[in-house]
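Please find one structure pasted underneath; my questions will follow.
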Amino acid sequence: MSPTATLLISCSNQSGLVAKIANFIYANGGNIIHADQHTDFTAGLFLTRIEWQLDGFNLPREFITPAFRAIAQPLQANWQLHFSNTVPRLAIWVSKQDHCLFDLIWRQKAKEFNAEISLIISNHPDLRVVAEQFGIDFHHLPMTKENKSTQEAQQLELLQHYKIDLVVLAKYMQIVSTEFITNFPKIINIHHSFLPAFIGASPYHQAYERGVKIIGATAHYVTPELDAGPIIEQDVARVSHRDDVAVFIREGKDLERLVLARAVRLHLENRVLVYGNRTVVFE
Amino acid sequence: MSPTATLLISCSNQSGLVAKIANFIYANGGNIIHADQHTDFTAGLFLTRIEWQLDGFNLPREFITPAFRAIAQPLQANWQLHFSNTVPRLAIWVSKQDHCLFDLIWRQKAKEFNAEISLIISNHPDLRVVAEQFGIDFHHLPMTKENKSTQEAQQLELLQHYKIDLVVLAKYMQIVSTEFITNFPKIINIHHSFLPAFIGASPYHQAYERGVKIIGATAHYVTPELDAGPIIEQDVARVSHRDDVAVFIREGKDLERLVLARAVRLHLENRVLVYGNRTVVFE
Amino acid sequence: MSPTATLLISCSNQSGLVAKIANFIYANGGNIIHADQHTDFTAGLFLTRIEWQLDGFNLPREFITPAFRAIAQPLQANWQLHFSNTVPRLAIWVSKQDHCLFDLIWRQKAKEFNAEISLIISNHPDLRVVAEQFGIDFHHLPMTKENKSTQEAQQLELLQHYKIDLVVLAKYMQIVSTEFITNFPKIINIHHSFLPAFIGASPYHQAYERGVKIIGATAHYVTPELDAGPIIEQDVARVSHRDDVAVFIREGKDLERLVLARAVRLHLENRVLVYGNRTVVFE
Amino acid sequence: MSPTATLLISCSNQSGLVAKIANFIYANGGNIIHADQHTDFTAGLFLTRIEWQLDGFNLPREFITPAFRAIAQPLQANWQLHFSNTVPRLAIWVSKQDHCLFDLIWRQKAKEFNAEISLIISNHPDLRVVAEQFGIDFHHLPMTKENKSTQEAQQLELLQHYKIDLVVLAKYMQIVSTEFITNFPKIINIHHSFLPAFIGASPYHQAYERGVKIIGATAHYVTPELDAGPIIEQDVARVSHRDDVAVFIREGKDLERLVLARAVRLHLENRVLVYGNRTVVFE
């Protein structure tokens, strides 16, 4: 299987965009294997994802960026270029619960997504044993109100040291500061509710109190406003009066595993494009 | 098919409850066709639904209430008795949208539930034509801030005149006053969101703004606090970045029709028991 | 809102396809509002849907076909061209059940899809009253083993007379002959099971016998082999041991309404492309 | 939390059943924490599950069976009695795929169900490493046409040696002989399709060929007829034309994990009652 290049592009809607981008690939002999576009007429935005095989593409890899910049600049487009054989590096942040961590590790081993899990950070020591079981570096950084900014500085240093591309909050249960997000904005969180219902702590208890008949989970990019970042994926499960909070939590774990894993995979396959506070997911 | 009697009972949890109630039916020769119980250990409550055939039941219908009262009183139980051949009478309240109205009328004609639709009330004249098409009385009661209390008095009078058992707000789009609810508490509403997300006006617009990947609808009993009453039924549908508000509304209509119809049917089959702000749905 | 043109194209996969098609639209000043492509690598097929506004498009409507033929021919492409302001004409075929018929009529009136319901054909007289209620021509053509071929000739004549573009079998409950399908292949059927489970008669009874926990419905194009045509849409609902065949049928009606309506809308919006025995649905 | 006793009872429908069973518990001072009954009117069968706390129950554990036999015999009832603090012992049979195995182990460790995983049997050596990682005995029994009956004898011996209560076929990919099933009938299998669609080998390939829009998984008890045993649980996931067989398989793994885990949990909580070829699931 040939490695591929993927362009994710957004720009103000104008005619000829598809033609210009397709011509660029075609003119250089590229074989497109996925192309999808979306126009948000309310926002006046054109968004596209285009993926082509590098084998047979006449432009050497290092010239693609300058060549496409010449096309993108007059369009005032935002764009990213990714190569499928550059393996992204993940840091997974956890607290005490292991279900999302185990699930991500299993999927990575099963090659459901293409990434290296380079680092696990936790504010508790409990999951060190899992990290060791799978030979992944583990750093225990306990968090208190007092030490938060020094610990976040430490976290940031670790991300740099390990050359991390994406942080996955796999039930990290801590609020990440605005300052941290500004420094490292590529963070996906799993929230254990169907957002925007039940923002904040103990969403399953809140859901039980409200007497809902359906519970949910939401994977989103982290932004300074709590649980309000762009949603990547959501899913739900039916509950009944027979189900108490413990059942909500048990069923919720399955949702969290699935929803977080899908969001991480979609991100790693460069299928997610953020604009404003929303996402386009090119499936 | 024999007519049936149904008891809905809630009382504080204590041993022997199932035996006492089952013995009452058995001792009088009743053939139970549905029995279900639920214990909410947090609330310390026992809740049950029991339905039996009246053919062959030795106790004449008019003596069931006094006979069961003798059992229920020492248990300090709340209970309701319903007979399947007493046909409940519905009033459907609408505004301008016809999808839930059409759907309820079609289901009533298809005998999906056992009730008479006796009355349609609207604050707009638009749906009079539907009422006439199906031969249902229609009353147009325009609502303004100024006339609300006189119009609600008029609504109450109509409910009494038509001997209405249940009011269904089928996209009525008006807030019912606390005073009205106190006088007539049997009201089911369909809210066009997955409550408690997007309470109040324009939930589909709110949902679109938030960039959700799933939309929902919620049927609930109406209480004085807006969109906060006990939930009977909810359902959801997946949406994507391709779907604008108009699509949310179109897909939402299907959800609203299904969720409201299920809630009305469950209520009319005496399968819903409210306690606190939650429901037990004996399916 | 400007009228639009839509091209549905399939051809063997080769490089430059997106560029060639996009250039054709762009060169003539077209503003693309939807473009989606799919490559089936197993079949070696490229499939695309492209929709653009006719306002501002420099090529007069009658010249689009010859102009695009010049592009398509060297590619050996199969293609269709549709204009959004050409309103397709539907014939709905029913038997005795009215739920899908009512639903399609309601959706057409609610403008959920752009089509005229010109004709209702039934092998029973029962639903004439619905046709009359909504002012739609109704033809009663009873079917027996003996008269099948003459009645089908009559049906074909009616389709020609009414200039019908699409036949919707809305619970028609009769098998359409291979000869008929050859003469008029644009037929969508709703089958009341999750195909390929429970092909043929009484699928809900079959499903109940098998003890399934989920029932389904399938909308598909009709082909000579019974219930084996290309699937457009499917959906499912959960059932439990409490649900008997009557409940399967009641819940199934909701599925049938939704699934058939979605399939009809997708077809009418020219979003469905058939190849082999499968469909691409450009949503 | 007090240990509990659970009775699962089925007998021909007759009046007084609920009363008789409830009286038995009540008369001995039992505190019922779950009671549910179902009547299958077509089959003329009454089925019930009743669970009560052993603390405070006056009848010593060893006398419950003879005492209840005196009640059950005149009713000609089939019944089972289970105690919550008798921990069932599982054997998990696998082939090469690890997703269901990992999932069951994780859930057992997370106490989602109450059982000991005592034994893993496989026809391939690949998953020995997983067994060792979690300290579970592993037996490699390669299967060929020739050695099948001797290997099955060996399997049976292992089940006896390890005092196994339930065999879980977690993607075992082998057909178990009728003789084996007769000797050890407590077997749950996960089939990777929405049965009865796509019975037998390569269901995802079959599903892809058929062009379905939804795939499924089914957990069922194993009976001599292939993939035709009583269904415990099913679930489905939506697929699109973009998804090839590899995606069907990836999405299917999530379904298989969830559906098998739910079925195993329901069985271990004594919530599943089989009659004919169907199940009642007392949730």
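To keep things simple, chains are lettered A, B, C and D as they appear, and every chain counts its residues starting from 1.
Definition applied: contacts are C-beta pairs under 8 Å (C-beta built on N, C-alpha and C of every residue); 3 or more make two chains touch, one makes a residue touch a chain.
A quick map from chain label to UniProt name: A, B, C, D = Formyltetrahydrofolate deformylase.
What you see is a predicted model; the values in this text were computed from it and never measured.
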Subject >> Chains in simultaneous contact with chain B and chain C >> reply: A, D
Original post:
Centre-to-centre on C-alpha atoms, which chain is most distant from chain A?
Top reply: B
**OP:** Report, in whole Å, the distance between the mean C-alpha point of chain A and the mean C-alpha point of chain C.
**Re:** 37
**OP:** Please report how many Å separate the Cα centroid of chain A from that of chain B, as a whole number.
**Re:** 41
Subject >> Residue numbers of chain D (touch at least two other chains) >> reply: 41, 240, 242
**OP:** Once you've mapped the touching chain pairs, tell me: line, ring, star, complete or other?
**Re:** complete
**OP:** Write out the stretch or stretches of chain C touching chain A in their complex.
**Re:** 15-19, 22-23, 25-26, 29-37, 39, 41, 238
**OP:** Quick one: which bits of chain C touch chain B in the complex? Just the residue numbers, please.
**Re:** 98-99, 102, 106, 110, 112, 133, 240, 242, 250, 253-254, 258, 283
Subject >> Complex interface listing, chain C residues touching chain D >> reply: 38, 40-42, 194-198, 210-214, 216, 230-236, 240-242, 244, 276-281
